[in-house]
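Two complexes are shown next, each including subunit A; its partner changes from subunit B in the first to subunit C in the second.
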Partner chain A sequence: MTTMTETTMRHTLTTPTDRTIRVERIFDATRDRVWRAYTEPALVAQWWGRGNKLVIEKLEVERGGHWRFVEHADGETHGFEGRFLEVTPQDRIARTFEWDGMPGYTIRETAEFTDLGDGRTRVVSTSLFFTPEERDGMLHSGMEGGMALSYAALDRLLANSRD
Partner chain B sequence: MTTMTETTMRHTLTTPTDRTIRVERIFDATRDRVWRAYTEPALVAQWWGRGNKLVIEKLEVERGGHWRFVEHADGETHGFEGRFLEVTPQDRIARTFEWDGMPGYTIRETAEFTDLGDGRTRVVSTSLFFTPEERDGMLHSGMEGGMALSYAALDRLLANSRD
Partner chain C sequence: MVQYSSDLDSVFTAVADGTRRGILERLGRRQASISELAEQFDMTLTGMKKHVQLLEDAGLVRTQKVGRVRTCSLGTRRLTAEAAWIAKYHQMVEAQLDSLGEFLERTKGDQP
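Up next is the complex of A and B:
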């Protein structure tokens, strides 16, 4: 199902509104395993940082819980944090996201997990920004390439940890 | 300059866009004193809670700093928190704001302080919401009355602590 070309950019990115980025991606693993890769600290640490060392300082996966990750890359550290709005196990997570480099430029992220019935899982991630300018800034930041690397790392994690 | 009528609702509230609330309020104190009332924990504790006990758990008034206040009223506690985007002393503060009761429903607040040259200070507070529905929810929550009470408490603090 996966061609060589699709290996690097297997997601579909669209911009449904001028403050939104929507990304759709299919993973070759059951919904339970994808959910755990998104919510268990030891698993998140293996893919979210795209191969860079990632310290999961906090990951309280419940409504109102806080999260904070610190990525170590090329001698620099980058902190990311936010808070959970909604956690519906295996189905949906909504949380805020901000990068320490632009504190308070909060993004509201939603991830929805769909069981495709054939052992695969679709994840639709939607990011809502306060302004169109902030959305465009993110689009032009190289986020898409970084995200593709994270998703590829997640593919490898899911392949290696197959039940 | 203040009539009895103005005492209860001395601010001007407008809605410049469908995701914004703008509040203008004049305080009878110098800009330096108003700035301190907004940024020094011992002073904030005296007015922000509208007379209720307010615990300032954190107030890091600098770009990237976090803040968290807990209000104790009628046997209940209400936590509020966020992070500073911008701190320009005596001039401008931008920060995020969220209430524990609706975690992740982040509001971006900006307060601008203008020296009116006659010993008074104008504060313009602008709140930007992620969606029009969230803005409307805030407008209908009774926030305006609560805010008027906070501002009245700040008037009293400024009158009592006059240099």
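Up next is the complex of A and C:
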């Protein structure tokens, strides 16, 4: 048995379409705790970096809001960022994800939270990959305005002192 | 300067599978014959040939037949970088959920 098989068993990993990664996990924690772990900066900083130092530069959990995390590992710095496309409290988050190291390769990440009624919570994480060409197509089909608006909002926020 | 391929579907398909990511990782260290790979991944020769064919179609692996032995090595660097990113992202998501599980366990019973 290979390591990969063990990983697969632990995460119930499936690939519904060629360019989608779907990972499902059940946590022994209430949905409220899981939701807060995903949305409160001080909590995100404690797990998202997988043990690496993580700086939450921006986490605006609302539709159109920006997020940007910087991870410090082995003397290297990696930035990740995107925009929230959908935020339904306790239920569902959809956002774009881009790594500074692969600019243009946008991933659409969705996390769905289900209260299993016994104190446990199921999280289904789905990631859909876009090529730079497709990403550009999205921009030209109306997302551009939204992007510009968000950048303006980001500039305003950056101008203000950080809480 | 990096040229990005406009046809990445085959790359995504190729790296969507755990065994194929393992093959890429293995070939990243050293080239191998199909039978060596089949043995290492505990798979039939036919099964391994299919995986290698998919990787070859995506340009991630190239093969060369000398006599009766087909030797596999990594394909072009450009496609490998994209495949590596997807594989890395995949691993990252899995590791993050592990980490989240540990965090939730660790903070159980903490005041909000």
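Methods note: the second predicted complex is superposed on the first by the 121 of 163 C-alpha atoms of A that agree within 3 Å, B and C clash if a C-alpha of one lies under 4 Å from a C-alpha of the other, contacts with A are read in each partner's own complex, and residues count from 1 in each chain.
Keep this in mind: contacts are C-beta pairs under 8 Å (C-beta built on N, C-alpha and C of every residue); 3 or more make two chains touch, one makes a residue touch a chain.
Keep in mind that what you see is a predicted model, and the values were worked out from it rather than measured.
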Which of subunit B and subunit C A:127 touches, first, second, both or neither: second
Chain touching more of subunit A, residue-wise (subunit B, subunit C): C
First, second, both or neither for A:28, with subunit B first and subunit C second: second
Partner chain in contact with A:37 - subunit B first, subunit C second, else both or neither: second
Contacts of A:96 with subunit B and subunit C, given as first, second, both or neither: first
First (subunit B), second (subunit C), both or neither touched by A:105: both
Which of subunit B and subunit C A:84 touches, first, second, both or neither: first
First (subunit B), second (subunit C), both or neither touched by A:60: neither
First, second, both or neither for A:51, with subunit B first and subunit C second: second
On subunit A, positions contacted by subunit B and by subunit C: 102, 104-105
List of subunit A residues in touch with subunit C within their complex: 2, 4-5, 7-8, 11, 13, 15, 18-19, 21, 23, 25, 27-29, 33-34, 36-37, 43, 46-51, 99, 101-102, 104-105, 107, 123, 125, 127, 129, 131-133
Complex contact set, residues of subunit C against subunit A: 4, 6, 8-9, 12-13, 16-19, 21-22, 41-42, 82, 85-86, 89-90, 92-105, 107-108, 112
List of subunit B residues in touch with subunit A within their complex: 63-65, 82-86, 94-96, 98, 100, 103-106, 108, 128, 130
